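Quick heads-up: structures coming right below.
First chain A sits with chain B, and in the next complex the same chain sits with chain C.
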Partner chain A sequence: MRTKVLSSLALGVLAVAAMGALAAPAAPPAGSITGTVTYTGTPPKMKPIDMAKEPTCAKQHPTPVMTENVVTGPNNSLQYVVVYISAGDQAGPAATATVRYDQKGCEYVPHVAVMEAGQPLEIYNNDQTAHNIHPLAKVNPEWNKSQPPGSPPIQAKYDKPEFIPVKCNIHPWMHGYFVVLGTQNYSVTGNDGTFSLKGLPPGKYTVTAWQEKFGTQSQEVTVTGTGATKADFVFKALPY
Partner chain B sequence: MGKLFAVLVAVITLISAGVFISRIWWLPPDISVLGVGIDHQLMETMVASGVLFVVSQLVLAAFVWQFGDRGDGRAIKTFPGGVTPMVVFATVLVSAEILVLSFVGTKVWGGIFMSPPNPNALHIDVQAEQFAYYFRYPGPDGKLGATHPELIDDGNSNFFGLDPANDTAVRDDIVSASLVIPVDQPILLTMHSKDVGHAFYVPDLRIQQDFVPGLVIPLQFTATKVAKKEIVCTQLCGLGHYNMRGYLEVQSKEDYQKWMADQVAQQ
Partner chain C sequence: MSMRTAGLWCSASLGLLLVAFAAPPAGAQETVVGSVHGNASAGKEHYRRFCVGCHGQAGDGQGENAAWISPKPRDFTAAVFECRSTPTGTLPTDEDLYNSVTRGFVTTNMPPWLPLTQQTRVDAIAYIKTFSPRWKTEKPGTPIVIPPETPADIASILRGRDVFQKMQCWQCHGPAGHGDGPASSTLVDSKGDPIRPYNFSTGTRFKCGTTNRDIYRDFMTGLDGTPMPSFADNITPNEAWDLVHFLRTLQPEVKSPELVVWEAWMPTHASELKPLGPDAGQ
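== the complex of A and B ==
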């Protein structure tokens, strides 16, 4: 009797352990790819944006907002460069977190919003003026929507990967990008130009860096262990 | 009833005339060289048409009072000869008035739209688009470079379609969202529209001129007072038309030079 109880207990423990193993397999060792994006040459000079015609926006900016097509940082670093795995990525469940895009002070914040194809996107108008957001999609369906002050956020999503310039049909200076990717593994460079792609199992990857004015660059990177593999990008900048 | 109508017509006429005479709704003070002539012309038109309006309305009221149907079976009198001579008489009278006013106004009109460009004018290129104005000044080289509509890129602040990579003349061009000008300086605007019809209206300058896509329209004026005034679009141009405006800043010569130096430094 006692033996029976013990053996069923042991079986039970084994079963639980087996179930646990099925539900959450031990994560394979994951490495990362890190690096910096910089430029050589002379980048175009960013210009101050005059918002005088929209006083509610102008007064939110004690110093003029500058255009953000090429934003540079210390040591020739480049900001707002999207670095992502363009090949070698293992398909995972689709991203479900909502990406937030703001219209604030007659600017798009963030300047570049990155999302996976199919990921929900919410566009807010935080201003005391109407906006009419117009993402200039070519692969995905193109639309534009008017959003008076106090309107609820616009719900959107893009099903196909694409780099979509975004403009406002009311304020010509407003400019941003929706970057729709086929991966969740991406990083947008900060002002120091650094990026980091994490959770990469060992293997061969193609890493691509995209800058709105300078285009794309790719390189093959092999991740071997759990450490960080280095991959830097250098864009050639022209003043015009 | 007829007499009540006569009184009503007379009262409405006198009140409307009173509004104009007391200048309750009047144009803002003029700040341009051309404004004097335009105001003079406006006043002539207003007096000529105003006097005719008041007289004809009061005559109408008097006739209604005197000859209106009183319901007593009295025959209603008609204009001598019937309706036709009356219509002919009214048409000739109004046509003559309009012709005389147009003829007298030609001088002022010609002064604005027909006079050759002043060689000392400051040339500023204007681009109107949904829903903003942009003004382009020649930089230190004194030249406005060529524009290429296919290169227009609002996201890159290239509102005029300049080609700085290949055209050195445009590299120093100043583009501003406000029209900043020195006082007492003749200005020549060359007006372009990127998309649809727009208008440039500054009541203080007594100027209202449409932008027509595909046409380059010259416009000359000289501002005589330091001031900041609104430029508004008076041609329905789309969803954001209500929001299409800019500012005219007339500055002293020193302030203007300072402003221009700042702009050049930012290039």
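== the complex of A and C ==
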């Protein structure tokens, strides 16, 4: 008898909760900005990396790893371009998910790690060799930490937006970027050069694309409805 | 006579006036070393006389001598300093800067400034701190804790040798500490200028001091702005002392107690040692 009362009570509570959820103000209509990043001209050729000095890494790569400063794809697309909302963004709660950065086979994975200012970052060494993580920050403090094989991940965070080159002094070919932004609304282009910025309420936005060799480009984009607004970027590539 | 006295009085009061207006810029951190308080405006005069030739008027390390100097003079606008008692990525204490100015940097063009009075050196530091806004927004790091030194016996030296291998110090400093490791030829500082790893076999002094505590501090704080990282996350205090004791055995020029222990042990035990470096296997 008592159990029955309790269960109907619980049911009632559940029902109220469900109704509450339904009655909550619907999220404002949100559109998106999508596009492709391409280049014109002749981009520099990426070079094979000689890892002979680090046999434990060299043996992980049957074919030589190429440098990643300018990675191109089909139809002149550009990979690893960070596209983000640089103005017009609504400030939301800070990002709390941990960004993971790996050192694997004496390479940085991903080549470009994007994070919001203040977002936690974890750096892992998956290799059988020691690395030193040396992010060459200028706006944020510059630090340099060793990470021998088997050590726990290094915890870090950056408080100010900045494009920070990352290097390992022991393995000079290792080169990556920490891109610290003042927004959570960003997208890194894949090999086809496409990006997509989602969840944007109608309004005017400044969209910026950053490529480590070719710099930044911005354009104003107005999002009107719930559809996708197109915004393409074209970088002028120089061979050097 | 009276004219002279009047003149003296005039310049004296002018001096007082100058001192009154010479307060450090608002918001800047106060500079204190022991009981000596630094004055940035007074320091500017000293800087212009003693430091500007290399470090430049703007403190950016672009003084007129800079082109002929390697490693390059410190760029104070970046506020990144090698010799600190504070963790990597943090500002040094006033005392750290004072010690650096006083000691100079062996193997560089920075001489010891011991002949300058204590006040002059502290004033110069107060002025150096005006070149970067970091000194207004950040506090110096908390100095690392260095526990009392452990006994420098052969067991400690041998454990330190294992740490040297495990931390791969040889990647830059070479298996014998000659500064000729596999990565040594490619090293650059944070500005992209070539820099050499320390050669223990020819060096008697270290960049950031000469004592065992100074060596301990070097690898637990890292030398910011150079390829030398901090090992604070990877080496325990006991291991750190072991490593210090081993590093002393790489310095034949310094007849340290560690070297005496090592040289007494070696003739009968050399064959027990595993090789160091890339050939030792991981």
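We adopt the following convention: the second predicted complex is superposed on the first by the 216 of 240 C-alpha atoms of A that agree within 3 Å, B and C clash if a C-alpha of one lies under 4 Å from a C-alpha of the other, contacts with A are read in each partner's own complex, and residues count from 1 in each chain.
We take it that a contact is a pair of C-beta atoms (placed from the backbone, for glycine too) under 8 Å apart; a residue touches a chain by one contact, two chains touch by 3 or more.
These numbers were taken from a predicted model, which means no experiment stands behind them.
Applying the stated clash criterion after superposition on chain A shows that chain B and chain C collide.
Of the two partner chains, neither chain B nor chain C is touched by A:K104. Look at A:S146: by the touch rule set out above, it reaches both chain B and chain C. In the superposed model, A:P48 lies in contact with chain B only, and not with chain C. Using the contact criterion defined above for the overlaid structures, shared-chain residue A:L238 touches chain B, although it does not reach chain C. Applying the stated contact rule after C-alpha superposition, one finds that A:T129 touches each of chain B and chain C. When the two structures are aligned on the shared chain, A:N69 is found in touch with chain B, with no touch to chain C.
Contacts of A:I170 after superposition on the shared chain: both chain B and chain C are touched. Across the options 55-63, 109-117 or 181-189, chain C meets chain B in a clash only at 181-189, per the superposition defined above.
Touching of chain A by both chain B and chain C, each in its own complex, is seen for residues 53, 129-130, 132, 146, 169-172. The residues of chain A lying in touch with chain B in their complex are 45, 47-54, 67, 69, 129-130, 132, 146, 165, 167, 169-173, 175, 213, 238, 240. Residues 53, 55-56, 128-130, 132-134, 136, 138, 141-149, 151-152, 154, 169-172 of chain A are the ones that touch chain C when the two sit in their complex.
Residues 78, 80, 87-90, 134, 138, 166-168, 171-172, 182-183, 186-188, 190, 222, 224-234, 278, 282 of chain C touch chain A in their complex.
Chain B contributes residues 129-133, 154-157, 159, 164-165, 171, 176-178, 239-240, 243-247, 266-267 to its touches with chain A in the complex.
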